[in-house]
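Take a look at the structures below.
The same chain A turns up in both complexes below, where it pairs with chain B and then with chain C.
So, the complex of A and B:
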């Protein structure tokens, strides 16, 4: 130790001790969190023959990326990523547009039924989707949809059907979040826009919506993750294997009886990547969204 | 506002949260998306079936190979849509070969295939058959077939069966006949359950194949003293234990009692069921102690590693044996039928040999137009040559047709054919012979696991619980 650091005295050392404890704690916690993923990655790097002969808790004889290549081709992941995008992107965008319109009306336009409407939309969140599957299934078989939107003339077994049901179930939550956010924006903004001669829609589009970017980005991340992870609606309302989302592509790697778990681990890791990318891409907005209103500045 | 914004942004970047820059990621995504789009667009320009990867391809009409053989007989024309649970890469290869052969035999016919993975296909079957199913679809024999037939969701194919029945044994005819006496399916493959072992282990240690229950237990004791786990076992997923229950019940109480028990015509509180549990308890100490946390694959690994001696399982365990990277492992695998228990039912030689079938749906929107082609496709599947195309890509699942050329079979398959042909009675496995809600995770799977946790218990209460569970089930609905 140098003289200067000695001269720092006990106070600095105490801080340092605190830091050491803090970092030890943080490192331990992050190791605990990373362990399952790291183990999954480790398994994915080993050929099946290696784990069959030596067990999963053993020192690997070979490590390579073959399982990732096999998982990608056997499960046709590229194709199913696109399937999910076809569903998730319009669903997220339309949900956010509709939700922001409703939230705007509920918070910026005075009306007696505002509270009732808000309760209606929020209460929709409390309804478990499983409750309505039987009637919904029959609705989907009965509702005619014209050709370009539906290849079989029905809502059933179509992307449009899945997109719609996602919008229906996600819009309530988004309205709840967005209306709470819009409530925090000063009323004077509306009044100023009114004085400047802006129509209601103009106020929504040019004044309120830009201010909602953090909330919209946070919701976009969340909604994308929700819809990306969904398995339920596709299972119920899609019968064509090749229209299924990415989450079900993993099932293609499980045989009727025999499953290569090492390839499955590799594919599962690859399937998890897009949500991480979306999070990293939108993390600034996401964190801002989370800490909204936590500071007064 | 603007000021606050900048401050927040700075605070965030100072805390190091943006270690990977958002813009970097966005840029990266654009590049990846661009690269991914190119092959997709290229693929979209050409015919799907020929360029799609070998795995689950988008449902594209299978185009006949360039060298189409001239039509030998008057083939059918039109379209047949096919729902398939053959989703593994190798099975898709088999399906593609079969569809191409069907088209070659019937020029002018189009086959549109919808491959769906096994688990989803099975979970979804009720909704699938009531919605807009394909004309023909893969399914299973046993209660599972009879159930949908009785609900009017599948079409009887007695006319097809009349043409092809001579190509099947009587046991297969029974397996595709529903409660109304009509035939609803074409059997295409099966796989027996038996006791598997490694020949080298048996010859090294001087073990002999046990013929009786007493021999079996003596062998287990000997293996234990030799430091082997006598019987490897993995029941994490609940269903493997059913294989042992089935064979014990068949040997001790016979085929009739077993099938009646599983369809509610006998009671679980019967003393005959108690005997099954008692005999099972006698060999439980020889099973792998860690069975509750093992999948069947992991249980099988101890057999491969020569740490265990025997495995009561289905022929499809060859999938694990052929993944070791050493072909000698598979060549070393052999099996024997479950030993005789000293009852009158030993002579039945009964065993579980689940049969997979093809069926014709009832609610397919295109069925009326496609009926001829749909039936021709079923007839095509009854040929040994068709089934062999699948067998080559899916070993462990043996063709059912009499005219299937068995010269290409490996010794293990030949032996499996032999023990099944000796069986006077064939069952489909507990979860295929009974209601799915009874056999499921909350039903028999859980009850058997409860028994296994304490095999020497007095099973009276457990049997009463099983019977009560059966009686509390709602009327069977789709």
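So, the complex of A and C:
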């Protein structure tokens, strides 16, 4: 009896010691992980004069939000946020609509080409964008687009062009996720709707789509941050600086304020804030969206 | 995998699909033979519009990249027979273009660093955080938050660490006067500096994917291993890791594709030059920015395409194969 209880006691003690080591390790790693952002925040809170005098690696004499205010007004950040919204909102909505339509049709009608189509969409999403950028750039300069949609008659250097490429690139991922999701819905739903004489579009609109709300919410959150964070497409397909969305505008700011790291740090943080807010507020959706794509259902 | 015939039918794919439904009883037995003509038109449009967009804006440019890679086209006027140069671009890539092999090496370093360092750290974090420990959620959030940041922001945050008067040099006691290490300017160091920044983001991504996989592992497996006297390490290596095979493939594919897509960080730091050349930055630098060597840039794009097809095909055959059932 004593032997077993002693063994139990020491192993419990060992477990407790293991826990302490584990937490110590995790806390250390967390501090390392958070440090670069904290440093950025620290830099942003210090006046330039302070850091010029004492260097960036010094005890601060003053801490304030002046750099944020200056960054906001000098760099006109509000305007670039608006550019991002003009691109991201329609892109996310249209992507979700198109993807849900395809996913619905592919899961509803059994056909041998379904798998092929699914592969075509998914492969398109996995392709590195740089593979297609050269011809795409020239397509964008060549395809005529009527006036109200495009101010220069092209897809290049236009909101519509950038919205379009986001839709095309993201729709594959959303189709993959949504078709996996729809496959988990009971088949009888479709049949019941059909027996009731509902048209195929009505079945989609009033039966299947409402059931997909969780998946759509998850994807919407994820897609918004994907598109918000895009740097590549806006860099290459938008020429006019004032049309750039906020993320690629940050790159221009670097040229404009290259001597003032403090304002740049504040601007970078302000660019990051919306995605951080989205993540904190809609965390569950966000992670769900990400994992829906990799694990089935 | 689709048979070759199905691939041949691709452009007319949607009509074939709708057609199959129409000819209900005679062909295969179809559950939805009650579809009206209108329904079929609607279905056709549902699939047809996104399919057309994907073909026009992804697959046509891909094909164009391949065709252009055999030309010396520079974007002026039309392409004539005189523009066709055969494999010359590829020959020049392999033997004459001094930036090509460094770029391949950098992409490979990126891949190896992700495969052997960043992804294993992400998996390790996931395994640690999968148990019931206090604050697991909190730690997950900390490790995960860089993933929601744009690479443009990530690049800037790390510039503050790496700059000559930034955190790292200052912490090491080095100043601009006193042999500061130019982490981002030194062409043999900067790729490593960028890889650390890229991993900061990659680890959290892998951790979340792996955590989702671990959650789906049957807990009795772990208990059984523990009863059999396996240590936690043994039970992970022998029991958990093997049953995670589908997720492991996703992790490998995500890791490889992310390394091939690498562009933003290198571009933000120095436009992908001076030690940060990558296949992706060579494409844009040759064909879009100052130079307009469309044919030549396309040959680099084809190299990137061919390499990318390896993980893409792996992913499609494994994940989609099981998903379609």
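Methods note: the second predicted complex is superposed on the first by the 240 of 297 C-alpha atoms of A that agree within 3 Å, B and C clash if a C-alpha of one lies under 4 Å from a C-alpha of the other, contacts with A are read in each partner's own complex, and residues count from 1 in each chain.
The definition used in the following text is that a contact is a pair of C-beta atoms (placed from the backbone, for glycine too) under 8 Å apart; a residue touches a chain by one contact, two chains touch by 3 or more.
Fair warning: this is a prediction, and the values are worked out from it, not measured in the lab.
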{"item": "First, second, both or neither for A:57, with chain B first and chain C second", "value": "second"}
{"item": "Partner chain(s) touched by A:282 [first = chain B, second = chain C, both, neither]", "value": "first"}
{"item": "Contacts of A:39 with chain B and chain C, given as first, second, both or neither", "value": "second"}
{"item": "Touched partner set for A:251, first chain B, second chain C, both or neither", "value": "both"}
{"item": "Dominant contact partner of chain A by residue count, chain C or chain B", "value": "C"}
{"item": "Which of chain B and chain C A:236 touches, first, second, both or neither", "value": "both"}
{"item": "Partner chain in contact with A:205 - chain B first, chain C second, else both or neither", "value": "neither"}
{"item": "First (chain B), second (chain C), both or neither touched by A:261", "value": "both"}
{"item": "First (chain B), second (chain C), both or neither touched by A:105", "value": "second"}
{"item": "Partner chain in contact with A:172 - chain B first, chain C second, else both or neither", "value": "second"}
{"item": "Common interface residues of chain A - those touching chain B in one complex and chain C in the other", "value": "55, 137, 235-236, 248, 251, 254, 261, 283, 287"}
{"item": "Contacting residues of chain A [partner chain B, same complex]", "value": "47-49, 51-53, 55, 73-76, 78-79, 81-82, 137, 141, 152, 154, 156-157, 211, 235-236, 239-242, 244, 248-249, 251-252, 254-261, 277, 280-284, 287-288, 297"}
{"item": "Interface residues, chain B side, partner chain A - complex", "value": "1, 4, 7-9, 12, 17-18, 20, 22, 25-26, 28-29, 36, 39-40, 52-59, 83, 85, 87-89, 114-120, 123-124, 127-128, 131-133, 295-297, 301, 304-305, 314, 316-317, 319-320, 323-326, 365"}
{"item": "Chain C residues touching chain A - in the complex, by the definition given at the top", "value": "2, 6-7, 9-10, 13-14, 16-18, 20-21, 30-32, 34-36, 38-39, 42-43, 46-47, 49-51, 53-55, 57-62, 64-65, 68, 75, 125, 128-129, 133-135, 138-139, 141-146, 148-153, 156-158, 160-161, 163, 165-167, 170-171, 175, 200, 205, 208-209, 212-213, 216, 246-247, 250, 253-254, 257, 260-261, 263-264, 267-268, 279-280, 283-284, 287-288, 294, 297-298, 301-302, 304-305, 308, 311-312, 315-316, 320, 322-324"}
{"item": "Interfacial residue positions of chain A with respect to chain C in the complex", "value": "19, 22-23, 25-26, 29-30, 33-34, 36-37, 39-40, 43, 55-57, 98-99, 101-102, 104-106, 108-124, 126-139, 164-165, 167-169, 171-172, 175-176, 180, 183, 191, 194, 199-201, 204, 225, 228-232, 235-236, 247-248, 250-251, 254, 261, 264-265, 268, 271-272, 275-276, 278-279, 283, 286-287, 290-291, 294-296"}
